[in-house]
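Each structure below appears as structure tokens.
Shared between the two complexes below is chain A, which has chain B as its partner in the first and chain C in the second.
Moving on, here comes the complex of A and B:
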């Protein structure tokens, strides 16, 4: 197991490195850079622009820039914003808690809804309840989460005359305001996510319920809830956890749109602003941060396999 | 002379007979699909209906989708504008009708290009294996490890708001997903006896890939296409909603929702209808994808 985790770690670092190169190259291959944007209407001469470029290190070859960036990043220095001059790491760490809270809350909500509903759907296979739950879950997958956000906002403001308080406050500052601001976007993200968890749980549990060992357990006279929760659900968890790991990508992507609707100062919002202003160091670091979160969650998922399924642990 | 006659006639006859047989078989399969997958068939009809609406938009839409009407600003749904009008007095129904063109165009272009590139990369990766496979797969992994919408946002914002840029951004997201499926299938097919036999009689890589590889992986590609179509439509709407997708005044459904968010309380119909259209079309593609999976590959479904 330890050897396997080390292998996965090396793989993750390799993928991050390729990701960095990819972002670096794409960003610089596209026309328009920060200097041109900043000095667009100032009437600066060619020489002044060239001077600023060399000051910011943008005149060097792309491989040199990439090499410098990586060697600094490894030492924990992510550079400074080309616009504000603030340290990139400070800007990023200011934003991360918002996105993280949103993602974690949605994930918890989605699991709380998704797994039980999936189990019910599987146990009641082909009954009216099952059909109903399946229709609802495909529907949940098809509704764009930002539309859900708009509908919820509209409905609440028309029916109850209530809108979430403006101006973001962290949980530590004011837990009540914070939850009022975070709950709606979390619900929007959780609905799509729970829909896919329901589908995966249902098909995995059904798969297990049809296997031979369940017949053995039943023939021993085990109670139905023991069969379902101790055996069927436990054995389906590997596929469900895998799905959750993969869906983290969807979850993190979804935060961008919801942060925009609910005006939350998160990482997604930061990327959006910085790409438009061509603030390379910030975009670079923020996209990497999202990639790292995704890889990290999937690394944890890999480790959890061993915890859920002892057969994998000993392999 | 008669010898020559025979030579040219025989294969021709065989080919047409073969084609008829294929056609008959295809017809039979279609019938079986309609009978066994009723929900899937209805979804297909919904998608065909939307395609018809997109094609005949100028006939169906009562108004010009970008024409502003100062007399009817934020008009509530009424017989004349039965889905209401927006803040510039544009008819919401006409804009939704024309908006279907954008959703379908972006979805279709993205899926077709992604299938093509995905097959190319996946085949090369799966057939040759080794270092080629290693390099291609790590690059695909890197792209897939960036959350899809973040990557789309990044690329679309860099390139600027334009429909072709949305297509480029969404294609970059979808290609690795197709490439991964194709590679997996190719690895499986490469080890089968019929490919072994084909190789032993001297068939080259290109022949094996196109003669044996492609036809045997159509099922997962078709299922994946339907699901990818739905995801792409949502992604286009999301990008347009953020203001970096389809540029105004084009009637993209995402853009309409973005405009609507400023009038949530005074004109809720602006929020309702474009979102309904979007959800219905995506639902149809998701249900069709599910039905196709049940139909083509019973092993893949529960």
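Moving on, here comes the complex of A and C:
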């Protein structure tokens, strides 16, 4: 297992390297640059523009810039923002907790809703309850989460004359305000995610329920809940966990829009703004963080296979 | 961030964000409810102390240093903390479009007969009581240091001081500006929203101007949480005794317009900037008691053409484009009301051509347009592209669609090309990589900015390849006319000349911005220039 994890970690570093190089090149290929954006209106001379360009290190060749960036990044120096002059690592680490909390809360919510509903749907296959739950989950899959966010906000303000308090506060500063601010966006993200968990759980549990060893368990006289939870569900979890791992990408993507709707100062909001303003070092670092999170979650998922299914562990 | 853009974007302009690009400033011009905002039908008219005024904005400033940023976000906040030497008059009875220069930190000033020496006499004012400045008195040295800093930093501010030869303190309370030549826009430029006076300690690096502000203004910065909120409290030593009335001003970052509206509805905010006609109609249903203030947008849409390229090098073609556009109907339908614009935006009051002249010089006449096109050798029109960006929000794209439709009626087939904001603002527009384009201009505050910056051969924002020696001469001359009335007349002549002989960029319309305000907010008189300093007069009647 240790060897497996090390191998995966090496792959992950390679993936991150390719990803950052790709973003590095793409961002610079996009027309528009930060110097003109900052000075276009000012009547600054060509010399002043060139001076700012060289001050920001944007006058060098792209391979030189990339080389410098990678060698600094490896040493933990992610550079400074081209707009505010703040250290990129400070900016990023201020914002990561917001996005992480949002992602974790939505994931937990999605699991709490998704797995039990999926199991019920499978056990009550083709009954009215099953049909009802399946319709709901298709609905959940089809609703764009930003739309749900806007509807929730507008609806609450009209119906209850209430919306979550503005002005983000961290959980450590004020847990009650923080949870009020985080709950709605987490629900928006969790609904789509839980809908796919419901569908995956349902079909996986159904598959297992029809397999022969379940008949054996039943014929041994096991109670129904033991059959369902200890045998059917546990054996279905591998595919459900895989799905969750893959959905982390969706989850992180969803934070970009929802953080903006719910005024949360997170990484998603940051990446959106810095792409528009061509703040290359911030984009670069934020993409790196998103990539790392995605890879880490998938590594954890791989390790969890072994935990839920001993056969994988020993392979 | 978009902030930067809008910065969307506004970076310089109205942008922003971009992301929310469009901005939050607007003035009290007309109250559609028919009430004036200083006296409600009920309640007292005597200002009361207390209350927290919450502003919601699309983005946070990147930094708080107003001389390193021309963004609307930075400079709006600067108005709470800093003062200028002179400012623009605001208050009851003052039109939003008035640009009368009044004392701020300078209680009076003198101009030499040759117009080359300006002497400012400072009032007794004190810096806010925060280390390292610690509430000491404002001196002429602060002003000199500020001006030297502005001149030495690249940016629009420096160009506003290009006529200045030297700035000297002759005693503790007297500052003398010597100009290279007489310069008519000088006082207006000193009142410009980038001319904030900073304490010497900040300029010398004894505190960090990018993350803190210590000024002479009505409010003291208590805390700035990057991208969350900035909190300001009342300055007890502000030079206008008894003001401000509000305990606190809080600036919160709320990127989404629907979220801002929801917050206004639920009483979490006093100011959220302007609303579209549709949003306004929705809000009026649920909150009929809100006051709605209308004001002329401090800038305009302009259609511009690459004047070196065929067929746009032909004046008849440019005139035909202008004649083909039904400005009045467009602005009523898309913005819910506005005026035919002009080379100087009507938000500059009587520096702009009178409305009657504008309507007469830019009529809607598709038949005449067709005739001119035929004379120019395009009886069947031509194909072209019309560049626009969605960085300012969806309305401008709708305007582009409307104009393309109008042009089609006279045979010009303009394909709309939507360009991402940063590409638009830093590449395509400044480098003149377009046939036709449509966009908003910056919130210019002086006729010289509207005219010379855009239309002079060497203008900083002549992004149209314009070069007209006769016009250049006129633009240089108007700067030297110190008699305001005479200059005004000449500025009008220039605008007529521009509309008859150049008409590029083609002014389209200036719409009325509509800003909702809770009914208990009293004595709010904003100005088209950036800065929330007008909140010193605001109080809550509740």
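FYI, the second predicted complex is superposed on the first by the 315 of 315 C-alpha atoms of A that agree within 3 Å, B and C clash if a C-alpha of one lies under 4 Å from a C-alpha of the other, contacts with A are read in each partner's own complex, and residues count from 1 in each chain.
The working rule: a residue touches a chain if its C-beta (ideal position, glycine included) is under 8 Å from a C-beta of that chain, and two chains touch if they have at least 3 such contacts.
All of these numbers come straight from a predicted model, not from anything done at the bench.
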Should the superposition on chain A be reported as showing a clash between chain B and chain C, or a fit? clash
Contact-wise, after the overlay, does A:261 reach chain B, chain C, both or neither (first, second, both, neither)? both
Tell me which partner A:276 touches in the superposition: chain B (first), chain C (second), both or neither. both
Which partner does A:166 reach: the first (chain B), the second (chain C), both, or neither? second
Once the shared chain is lined up, is A:252 touching chain B (first), chain C (second), both, or neither of them? first
Should A:18 be classified as contacting the first partner (chain B), the second (chain C), both, or neither? first
Which of chain B and chain C A:209 touches, first, second, both or neither: neither
Based on the superposed arrangement, let me know which partner A:153 touches: chain B (first), chain C (second), both, or neither? both
Using the superposition on chain A described above, determine whether A:30 touches chain B (first), chain C (second), both, or neither. both
Mind working out whether A:139 is in touch with chain B, chain C, both or neither, as first, second, both or neither? first
Kindly list the residues of chain A that each of chain B and chain C touches, one partner per complex. 30, 150, 153-154, 157-158, 260-261, 272, 276
Using the touch definition up top, name the residues of chain A that touch chain B in the complex. 14-16, 18-19, 22-23, 26-27, 30, 138-139, 141-144, 146-147, 150-151, 153-154, 157-158, 202-203, 206-207, 248-254, 256-257, 260-261, 268, 271-272, 275-276, 283, 287, 290-291, 294-295
Inside the complex, what are the residues of chain A that reach chain C? 30-33, 36-44, 48, 51-52, 81, 83-85, 91, 94-95, 150, 153-154, 156-158, 161-163, 165-168, 260-263, 265, 269-270, 272-274, 276-279
In the complex, go through chain C and note every residue touching chain A. 1-5, 7, 11-13, 17-19, 54, 56, 59, 62-63, 70, 154-159, 210, 226-229, 250, 252-256, 258-259, 261-263, 265-269, 286, 391, 420-428, 430, 442, 453, 460-461
Mind listing the chain B positions that touch chain A in their complex? 138-139, 141-155, 157-159, 230, 234, 237-238, 241-242, 244, 257, 260-261, 264-265, 268, 271-272, 275, 278-279, 282-283, 286-287, 290, 301-302
